[in-house]
């Protein structure tokens, strides 16, 4: 509802008791004073810590060597939904005498929005690779005190020292996965290419993820380009492909598409491999394929925000999940890959690491910086088409 | 022979187990100003609504006729009636002239005719068309709204006009004016009026005939004079004007009178009427203005007398009421003309011994109800 | 005499400390009706200021500042966000949202008026029926929307029943169509239409309808010339109560529309999450607010000035 000043102003205007000039003058006064106050407010709280990268790295390295106090009795976790085994948290809580609060989010953007807006209460968060870059660049990612991570050696070399976090200064690898096509093998042939989404054959029975980066990225790969492209021409082509596929799509759905795959409302869905594995438990006909043009490989990481109120408990948790049996239990439940070599050996349904051939077709998403706005415009245009 | 404007023949109306109207019958002649008078709950409004068509009579043979035609099953808009409601029911979203024109528009009266008829209707109720036609009902006083409601009804030239206690919310002065105006309109237009009220003065002032109702039945039907001077039952006597009531038993006959002995040894005489015999209980009403007050030793011969003490003297403007208390009877009120208390005051003071007296023929013998 | 006037205190037993302060405060207020009014208005005013006015001002300010790299704003002044909105893509979104809101309002009015009318005439069932209309509010909006998904899916209740009854061979594709979005919106906002119309109809004096009948109006004419005009204020209020929120809706189109179309609500949400373009999101919100203000202005003009019987 509009605020009273505006309504009073409008009534006066409607009743003719003030002229247009007076109205404009008063409205401007309301607006300008508002702008000055808010601008002053906003300038008081900048995003980011204002340090140059080198200075920040030096500071973080120094921090990493400081000792932490005794273990606190609380831990606040902020994680993706369906992303930890049912007994992981209770077991940890019992063993270490820590009370755990567990919140969930649906996308990296949600996580980033919260942390960038200044949320301070989380001890452990799980950003994907490009989201981690943003946290590092804005100085929100806390340093890992490696001394407390005694199980560090269990991590497979493949996942050490990633490009988005050199030297693992800030993150412990959590799960990795691939974005591809989940499909009902009893309804359709194995999809080989992203192009299947553009053919009318299964129109109305296909979905893509409700995520601009995943959708535009898939069509960039379709044409043989990088899914981190900033090239205008490549992006325009991807947009047209996405729009021509949209005609055949039932909807843009993320995690909730599992239910529709199981019920048979959807036959082909762009989905993450772990979620497909989870759905297969209820509907064995669900299979998974990586299109030949390639797709996204992503890694989620455990990060302790710099503002974490319980740093020691956070580190104990990070060390806990590096135990082989714990890592195996988690991956068995989520269906995603584990970066923990020792855990892989213990899994009931191990997801093998990608072969070099597959690795060639897979790409990590990196943060787009300023180009984020251009990608968003494209996504808006796709959605409005 | 032309049929009466309205005929009710043994009409009843029940709501559930209760009879709101119990087998009533009466006629209203054409052009008559007919009132139904009674306290709340007596059935007068239901009778009006039966005539209007908002209620249907019980299917037990009762008939409602308008101008000779049975209308039991006809909807209000199929009857030749118009109505003025208690709270006027003016349409608040329409101007005065559109309110009045409403009925004409429903009858598809040509546009050219409507304006003229509306203006004439406003003139009829003494509202100036220039001033009032465009106003909204919310901008009018109570009296003005009343007149607009009247105009809205009269513009249709109805055979019968129904009025449901229309003057209730108006102040006294204006009410008396309106009463006279309504009566004048009735005579001027020749329209039959059916007027429902609980105010007996109003009914007496305006009506050609009155039906007094009580408990779903008609207690008495007659001209104002008949109702007032010859009330048939205690209810009517009490409801119209004021009455003093006396009971007694007939002891014996003396010439043209019955001798009656009342409680506490009071004796009085009443006129001889058929159907009465010694030993019978009688119940009489004596109106205050038929009594006079005397000093105990100065009572004229031949009159009924009850000795007592002055309890109160009440100043009513036109009349003075002297209330006398006597043993074994309720207080008796005597009405005397006020000849000016400042120049010629009454000699009665509280506590004075006084005797009330009346001529034996100045009483009304009441029927059992 | 106002409620704050207290009777004079006799020399009674001494009460707890602080009572003197209260008495002095009340005594100070007693002869100042303006101050009394402000005291009573204070809680609501503070709430409105803190949780509405200040955020709107902040949003206004953000809309004219350059965007920060990782979200948020940098100091400065630019109207880039507003000029960006003039791109046909965004204007189409605004138009589409507007059309959807209008369609929702019209359908709600057509569906809601008969319901309100029936309830107003239902005598002793009134309270029960009103309760049933309000009952859905006791469940979360999200849950109700999901319930509609279960109803409308290809394998949902409606289609299963139709196929089982032999009325159809193939399921009717109801979900993820403009129909499902409209159905979800109308379903969600219908009570906001029913209740004001009901309130308006309830105040209708039955004598007015009787008067109309005696004056010759048949049932249809009575409705057209008496009931409808006198319930117009309620109808207009209901339209406003449905139109304004449905302009800002985004959940329903996401869940029931398959996220295939962007409404202004989705656009704003995107700007504050994925796109990290707060100034643009603020500008879009502000433009939406202007549209709403325009609607309110239209309402103020449309409302019949004298017939303010409760509305």
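Here the chain labels run A, B and C in written order, and each chain numbers its own residues starting at 1.
Here, a residue touches a chain if its C-beta (ideal position, glycine included) is under 8 Å from a C-beta of that chain, and two chains touch if they have at least 3 such contacts.
Keep in mind that this is a model prediction, so the values were computed, not measured.
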Original post:
Among line, ring, star, complete and other, which one matches the pattern of chain touches?
Top reply: line
Original post:
Among the chain pairs here, which one is joined by the most contacts?
Top reply: A-C
Subject >> Separation of chain A from chain B, taking each centre as the mean of its C-alpha atoms, in whole Å >> reply: 88
Original post:
What is the distance, in whole Å, between the centres of chain A and chain C, each centre taken as the mean of its C-alpha atoms?
Top reply: 34
Subject >> Rounded Å distance, chain B centre to chain C centre (Cα mean) >> reply: 56
Original post:
Which chain A residues qualify as touching chain C in the complex?
Top reply: 1-4, 6-7, 10-11, 14, 31, 34-39, 41-43, 46-48, 107, 109-110, 112-113, 116-117, 134, 137-138, 204, 207, 210-212, 246, 249-253, 260, 263-265, 369-370, 372-373, 375-377, 379-381, 383-384
Original post:
Which residues of chain C touch chain B in the complex?
Top reply: 205, 207-208, 210-218, 221, 225-226, 229-230, 304, 306-307, 309
Original post:
Within the complex, which stretch of chain C touches chain A?
Top reply: 48, 52-53, 56-62, 64-65, 67-75, 77, 87, 89-90, 92-93, 96, 153-155, 173, 176, 244, 254, 257-262, 266-267, 270-277, 280, 289, 292-293, 296-297, 300-301
Original post:
Where on chain B is chain C touching in the complex?
Top reply: 52-54, 75-77, 81-83, 85-87, 89-93, 102-103, 106-107, 136, 138, 152, 156
